[in-house]
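Letters A, B and C name the chains as they come in the text, with residue numbers starting at 1 for each one.
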Amino acid sequence: MAGGVVEKPAGAYGGSTKNYLNETRGIKNWLITLDHKRIALMYLVAVTSALLLGGFFAIALRTVLWDGAVRDPQDLFLGLRIEQMYNRYFTLHGAVMVFLFIIPGIPASLGNFVLPMQLGAKDLALPRLNLMSLYLYWIGAIFFVGVLALGGLDTGWTLYPPYSLGRDTSIPLILALSAVFILGFSSILTGLNFIVTMHRLRPPGMGMYDMPLFLWALYATSLIQVLATPVIGLTLGLSLIEHVFHIGIFLPEYGGDPVLYQHFFWFYSHPAVYIMILPAMGVQSELIATFSRKHVFGYKAIGWSSIAIAVIGFIVWGHHMFVAGQSPAAGLIFSFLTFFVAIPSAIKVFNWVATMYKGSIELKTPMLYGLAFMYLFGIGGLTGLFLASIANNVHLHDTYFVIAHFHMVMVGSTLNAFFGGVHYWWPKMTGRMYNETLAKIACLLVFVGFNLAFMPQFVAGTRGMPRRYANYSDEFTIFHQWSTVGAYILGAGVLLQVIYLTHSWFKGARAPKNPWGAASLEWQSDSPPDFHNFTKPVVVMAAYDYENWEYDANTGGYELRKEVVETGRSIATVHN
Amino acid sequence: MTSMTGLLGIIGSLPLARQGSFWFPPQASSVAAGTDLLYDIILWLCVAFFVAICGATALFVVKYRKRPGHKEEKTATHNLMMEVTWSVVPLALLMVVFGISMYWYLEMINPPKDEKVYDITVRGQKWVWSFKYDGDPFDGQMVTPTLHVIKDQPYRLVMDSPDVIHSMYLPAFRVKQDCVPGRYNKLWFRPTMAGEFPLYCTEYCGDDHSNMITTVIVHEDANSWRDAIIKEGDLKNKPPLERGQIIYERNCKTCHTVDGKKSTGPSFKGIWGKEEEMSDGSKVLVDEAYVRESLNEPGKRIVKGYPNSMTPFKFQDHEYEGIFAYLKSLKD
Amino acid sequence: MHFDTLHNQFQAGKLGMWLFLGQEVLFFAALFTAYAVYRGNHTEMFHYGQFFLNWQMGAANTIVLLFSSMTAAWSVRCAQLEQRKGLLLTIAVTWLCAATFMIIKYFEYTHKIHVGSVWGASFNIHDFSELPEKLQKLLTEQGITTTEAANAKLGKDGLGLGTFFAVYFCMTGLHGIHVLVGMGLYAWLFVRALKGSFNRKYYGAVDNIALYWHIVDLIWIFLFPLLYLIG
């Protein structure tokens, strides 16, 4: 329980009992809402469902991998050979997780909710566009459900031709290509909306350098979304036409070039991994600063390193094709450039550590995720160096080492930060607190499960275990079995989260306005916020001016100091 | 855990660990020891940074934890010197790493110029490997399903694929290269240890991707190498039926049974001389002409009820002869 | 209304449009890259492919689009000055130019389909005598005079012109789709202008759609020489 919260009727913490959740009722009012908070909440439910679906496939494929023996071809499951089934599992696991969960995950759900409020604004700049993004997401998701219903797909989420496109016309493949195309536009429109909002709706008195770092991260993310996503849109559009009409762009049989597809694909999909990690880094900046009660160290360095990562991210895609037959000179250049991504990432980590120095560190659940992030991103980021080094990459390419590396970053860091962010903003979004003890247990399960699942895979990889294998030789059994146990524990942690968060939604204690003492503007609204976000004029202040807030034992949360409310100005003395 | 495994990892670069270490399979090629050492260097750099970051985090969490009587202190919100230092020092270290990596990469891609390099053509196709020995003495006349090489000899491999992308991976040699349809990729290596090592496909290629495994056999001397290739690759001197059976075992078995059971493709039991219905509704007699056609252009006419997923084969006349003989033998 | 001023809202719309155009450029950039890659790898294929394209039609389309870009810019001026008749006229002319472009494109496409010079697997010349005259001459010089021989030379097992036409149809097709979208937008603008929705303070839609139209025009300015002119 957060600081001994006392059960009080809603409204006790901020005036009106009306809020964005109960302003209007009925499904129709939710479906046509232009309110960014409702849209964010619908996104949150949708991406969480996608996470559970993708997680289900993860558990399924880890179960198949418990035992690596070569299967009897007659050994069927649901009418398919075990290998064929496994190929569908890993394809759908990858596709659902990447396109439906991680890419939209943090920006569309948490970002959508928080971004306008951190600017003290009423909504995003283009609310209709925001609703359209949500609908495009749903259409994409429904298409994926269609893929599932029609028997799945076994192309791998990367959809490399000729394997993916060169076969008999397949409806699931057409659906999947269209789905990613549509989801791409959802992503582009969200990014576009975010950039416009950050430029046009900042309140007077808030410069770019006064914004919370979460917004800098979202800005960098949005830049990538707007500039990289069209390339994959076009690529998959061409793939679709190629698959149906055999036009000869990517299929060698008709004169096309399959490696060109890989270049196009990774021109988007490499920046896309920064679409996944940058928002997570933004959440991390908020968590570390808030729970250390310290102004973030090296604000500008963290902010600009987000932009640097976004920019460098555009020129390193070739490291996915080190062994595909691109020229050795190109390989060396891409290897060289890839090392540069390490620097802005390292700068962020060092700054987070420095932020904690001489702080007052409170180990609430979100902070636990923040600390886990340091550890997991540390491993995920550093193992990237082995892969950036081209001489080692040749050996490690397409092995379990790569799997472990990108799961450390995409799941270890992004999913972890998503959980951290959800726990951090949950009281604001729902107006309820969750059970802190259960939350800490879940965090521990996720952390332990995660390490158990992926640490052994590094070793399996260096020893030569190729990825996407349904069978493997006995020497790898031990690594796979640890990994499978880890996956189950991780799954249990996630299920526990779903349970206590659902309970909190209905039965949780009422949340105070600002349970953590955070200083960004969204915490000046009620929990949950009013339909118009703020009922009182917002006191514009820089994101890390914690001394404007003081603890109030009556509400169990923090309140703005009297002098701040009276003067309408920040009393903080520290500026960037 | 990382530092513990790191301790074991350093052993990987010592000569006594040539047979394999905690991290790596045996070092069986001329580049393996070098790239493993590079791996160790990066590993120790990572361990140092990781311990520093996590150590500082843990220390701060304990030392500055929220507790009665403890209050946060205002400290500088930035420090240019410090920030420049922790950007420039890692960058410099990484440039050193890149330099070493470049050295070994150039070793990996440039075959020796002052030595005779033996040429082998590698073909990866769903879901078998075949190796054709182009240099003296075989001049392209021998094809084997396992790769035979001689210790301390350099080899250049030209690789292609007639269907989808595959990738040839030799963990013990630390080399890998994709077989891309429509282009020829090249790879060279020099084995330095006699023995048998696994050879994997590492580019996802469909149902039997994980069964597309063979072996590379490193021979001590040229004689045992030549004998092994002849034993495996010379089918001409065998009777047609046996020839056909060997070809079946090597290339067709994954998708076609001989006991009448349905698999990826139709069973060969009793297929010879049968009239099969095609996917377009026409009827075709399974004879020499059709078998040859469906080997060369499998997508042209597909037996009804089966996917169009077979990889094309090109054989020599004596091999077709063997295949026909074998299929005929399965008539009843 | 969550913007403090109308000006701010106008600026937000405009920034949004610029970002959208940014993604449009990247969208086409991938196709231009494909073009460059195939041109670099198959110079001869492009040399032969060019014979099939009618540069006069391409030039006519270029002029039509350039003119429409001018009327589009003019329509913004009319909206700012509240010249209702001028606004309606410029919008209508822009729409008509777009339609003319599509009609010319229609003739180009149908002719190619008639000859059989189409994408990838479907590339198959129906009749030698229907080939462009210059190409017929060139092929005859090489001793190629029959339809079969021409297909062998130009088709999948020869130069692979199917890939050239894949690039041609994808690039011009995607551009054509953008022209069609532009026609839809101008039709909508016309209706709103008829209703008198725009004034000197509120003309964001006219401005943004004109921006969109300029980028469509600009892309064609690149497509025309790359496909029709460089031999």
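Keep this in mind: contacts are C-beta pairs under 8 Å (C-beta built on N, C-alpha and C of every residue); 3 or more make two chains touch, one makes a residue touch a chain.
Note that this is a predicted model, so its numbers are computed, not measured.
A.B. asks: Which category does the touching pattern between chains fall into here: line, ring, star, complete, or other?
C.D. replies: Its topology is that of a line.
A.B. asks: Using mean Cα positions as chain centres, tell me which chain lies farthest from chain C.
C.D. replies: Of all the other chains, the one whose centre lies farthest from chain C is B.
A.B. asks: Can you work out the whole-Å distance between the CA centroids of chain A and chain B?
C.D. replies: Those two chain centres are 33 Å apart.
A.B. asks: Let me have the rounded angstrom distance from the C-alpha centre of chain A over to the C-alpha centre of chain C, please.
C.D. replies: 38
A.B. asks: Need the CA-centroid distance for the pair chain B / chain C, whole Å please.
C.D. replies: 45
A.B. asks: Could you pull out the residues of chain A that touch at least 2 other chains?
C.D. replies: Those would be 257.
A.B. asks: Can you list every residue of chain B that touches 2 or more other chains, as numbers and ranges?
C.D. replies: none
A.B. asks: In the complex formed with chain C, which residues of chain A make contact?
C.D. replies: 121-123, 125-127, 129, 188, 191-193, 195-197, 199-201, 226-231, 233-235, 237-238, 241-242, 245-249, 251, 254-257, 260, 263-264, 267
A.B. asks: Give every residue of chain B touching chain A within the complex, in rising order.
C.D. replies: 1-2, 5, 22-25, 31, 34-35, 38-39, 42-43, 45-46, 49-50, 53-54, 56-57, 60-61, 64-66, 70-79, 82-83, 86-87, 90-91, 94-95, 97-98, 100-106, 108-109, 163-165, 167, 169, 171-172, 174-178, 180-183, 185, 198, 200-211, 254, 257, 261, 263, 307-309
A.B. asks: Within the complex, which stretch of chain C touches chain A?
C.D. replies: For chain C paired with chain A, touching residues are 2-3, 8, 11-13, 15-16, 19-20, 22-24, 26-31, 33-34, 37-38, 41, 119-123, 156, 160, 162-163, 166-167, 169-170, 174.
A.B. asks: Which residues of chain A touch chain B once you look at their complex with the stated criterion?
C.D. replies: 70, 73-74, 81, 83-84, 87, 154, 156, 160, 162-163, 166-168, 252-253, 257-259, 292-301, 323-325, 328, 331-332, 335-336, 339-340, 342-343, 346-347, 349-351, 353-354, 356-363, 371, 374-375, 378-379, 382-383, 385-386, 389-392, 394-395, 397-399, 455, 459, 462-464, 466-473, 574, 576
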